[in-house]
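What follows is a set of structures for review.
Okay, so chain A shows up in both of these, paired with chain B first and chain C after.
Let's look at the complex of A and B:
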């Protein structure tokens, strides 16, 4: 009986002790700054030239190397215009490229896509395109686009050829990720050859560039696309781009192409034009009476919200 | 002790750390906050010259962070918002809400530092 009681007491005491130790450890970990944040500070100081390049950043464990790669990704993807040359030494010293490639090989799914994304922001001396190409043909959409971004970042001079060679259509999300590269100044692509290209992906990318950077001088080319393009998705995108530039949409060519749109597409466009600030008169000229009633409701509700804000 | 203070609000600690590291060279005390409540409490306690918000969520989720900061602060801190959004509608809405400066990611590090430095010296001369 005594032995049973003693064993019971021993087990209970060890469980309690274990729980206390685990709680203390968890509290300590929560209080401690994540390793990634420490690296971010060091990298930002190197890039803003507050620290000499000789400052060596060391990541000895696998956890720290991932944290270092995440820190470089955070700094590089949120800033532009800095000379990333000093970071090459940091990548080389810590063997980050080889470490990430090995990890990418061993992981699957979202983790692999995340590691590919981290690798796309590393300043690399050389990268074997063969090693990345195997991921470009992945059936996982996330891995495929992350590999494409890595390819574009590693070899920006071949960007147009790379996108042209894609066998699948880029989604708006994929194009937004390529646009992020453009905004960081990694890719230098002119919009004009993209708009004249017959390739769907290049044309969509060209329209995204015009839309993002508000290139008003591209209006003529947009009208040409709307009039001559056979693919409805590109025509829709061109009309949306024209609307985002705030240009008039009353041309006969645009009206004719709008007639080919499905009721849902017309409804979506009507909403978009109302939100973009087109007058009710302009919307009524493009849509039927029933359709423009929706725009009227939207515009009236927005005006009411503004009146409410000013009176408060 | 620095009399000039900057409060940075972001739900992602890495982003707040990045902005704090960029502004590290300027002579100001920088406090990073991760929740709207913490930001409000810090603004009440520290009375900052500039509040940098790295997200547009506090303007659309009903938090009304900006009006609370304006209401509790005895001075009028300048509100800077840095986010990824480029839409004219969003920028206009933020300015209507009372945001003083809107910048988009990616940012140019030295330009941000110079802008904040200029703002701090303006606030001090006033």
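Let's look at the complex of A and C:
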């Protein structure tokens, strides 16, 4: 009997000791300066051409190599228009791309997704698409999108073909990650061929580009999509995109498509138009009388009209 | 025989607690890792919006913390009863330069709203303060739901604080879900997000609202959303107090009869305390006092899944 208690006590004590060590380690890690900070300073000096490019930045251990990759990812993600070619020597000298590929095979979950993202910002990719394709079919959403981003970054000229060939529908989060690549200047995609394409993913990406960059001249294309598109999700996305651009919504085609929406969707659109700052006159004709009253109270509230019996 | 049964119960409690602690720390580390990759993506995440409805605020500093979320389509609705918290309301009005605006006269949920306040200052445009009488947390939240603009509702109390990027993680979980979501339940923190239309259809928030929603539309997410702040009012719930008293009596009684058994129980309690400290330090929730550790302890020790929507 005492053996059972003794064994139980031993196991419990071991786990307690492990937890205390883990707590102390977490405290130490929180206090220590991240190892990539030193690399960030050196990389920033290279990019600002304050030092000559050579293999001075060396990372020998696995921990330092990951820190160096994170430093490159941090600098490249937060700068726009900088020439990352000087960093190719750094990547080549430290064999970062091949090292990351080996680590990706050994890790799982969020760590794998993170390493794929680090690899996508490296200016040098000496890997083949087959090595990344296995991660494109992962059930983990973050791994799947990180693999897609890596494919697009490694082969930007084939970006449209890659997106067109996807078997699944891109979610708004996937599109947001692709937009981040666009903003960094990695992908050079025009919005017009995307809007005219019949492929769902390309059309949604085109709408996201129009919305993000505020391309008001795309208004005619958006009206054409609203009038001719059969997929309700894309029609809704186009209407919301028009609203985000602040364009007039009294087009007959919009009113006809809104009649196909459910009452909940119409209420949601009504709230969205109030948030976007539309006046009551601009939206009155889109909704029924009850919905117009609802819109009126929302819009008046958003326009910060003062109450009649104001106390201040 | 009884000692064996008690030991098995404690062992079961210990194992489930360790599993929950591990799950919580892993979720925090994974999302901390993914947050770096997702930087800059949250601004274009479809049109998903979230209204955080909070009651029981003690000071205006708590509002500032809630407003720190960077997600674009997010608003904070504070419910106050001016007849009981007149001084606090005045401080908030002064601090955030609020003005009284028109109260929506038509709403899907019956509620009594005395006054509605919005800010003149653009930087606080996401803040709405509602002066309304309420006798329970559910009444307060239903007032907020009637006022809210976005399609997802996050009920909070004055004891809750949001993790960094919490709303962004919520939006990502929502837009990557394969099916429509009525309830998004966080498995690593005591938070639930509700679809506004689903709650309105059920007549508002209540303690049994989760039971009335179809279980297929309740989706779990590992994203850490909120934690409880330092100065909480209740240290022990009644059930926790009873359990603690029973454990203490048990240990005292068994110490005189069966020392190994008593030692096993004490070691189990110490191990659970170490697990709570590990979770608290891994959460990096600022100056984590012992009271916070008590709440981590209470959260991870609770082995029964929530059958009701209770917020403590």
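Keep this in mind: the second predicted complex is superposed on the first by the 256 of 312 C-alpha atoms of A that agree within 3 Å, B and C clash if a C-alpha of one lies under 4 Å from a C-alpha of the other, contacts with A are read in each partner's own complex, and residues count from 1 in each chain.
Going forward, a contact is a pair of C-beta atoms (placed from the backbone, for glycine too) under 8 Å apart; a residue touches a chain by one contact, two chains touch by 3 or more.
What you see is a predicted model; the values in this text were computed from it and never measured.
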Partner chain(s) touched by A:183 [first = chain B, second = chain C, both, neither]: both
Chain B versus chain C as contact partner of A:128, first or second or both or neither: neither
First, second, both or neither for A:288, with chain B first and chain C second: neither
Contacts of A:79 with chain B and chain C, given as first, second, both or neither: first
Chain B versus chain C as contact partner of A:37, first or second or both or neither: first
Touched partner set for A:275, first chain B, second chain C, both or neither: both
Partner chain in contact with A:48 - chain B first, chain C second, else both or neither: first
Touched partner set for A:212, first chain B, second chain C, both or neither: both
Of chain C and chain B, partner touching more chain A residues: C
Touching partner for A:175 - first (chain B), second (chain C), both, neither: second
Touching both chain B and chain C, residues of chain A: 70, 74, 77, 183, 212, 275, 306
Touching residues on chain C, where the partner in the complex is chain A: 4, 7, 11, 14, 18, 29-31, 33-34, 36-49, 73, 93, 99-106, 115-116, 118, 120, 149-151, 171-172, 175-176, 197, 260-261, 263-264, 267-268, 270-271, 274-275, 277-278, 281-282, 284
Touching residues (chain side chain A, partner chain B) in the complex: 34, 36-37, 40-41, 44-45, 47-48, 50, 70-71, 74-75, 77-82, 183-184, 212, 275-277, 306, 309
Chain C contact footprint on chain A (complex, rising order): 2, 4-6, 8-9, 12-13, 15-16, 19-20, 22-23, 26-27, 30, 70, 73-74, 77, 109-111, 113-114, 117, 141-142, 146, 171-173, 175-177, 179-180, 183, 208, 211-212, 240, 264, 267-268, 271-272, 274-275, 293-294, 297-298, 300-302, 304-307, 310-312
Chain A contact footprint on chain B (complex, rising order): 13-15, 17-18, 20-22, 24-25, 86, 89, 96, 105-110, 113
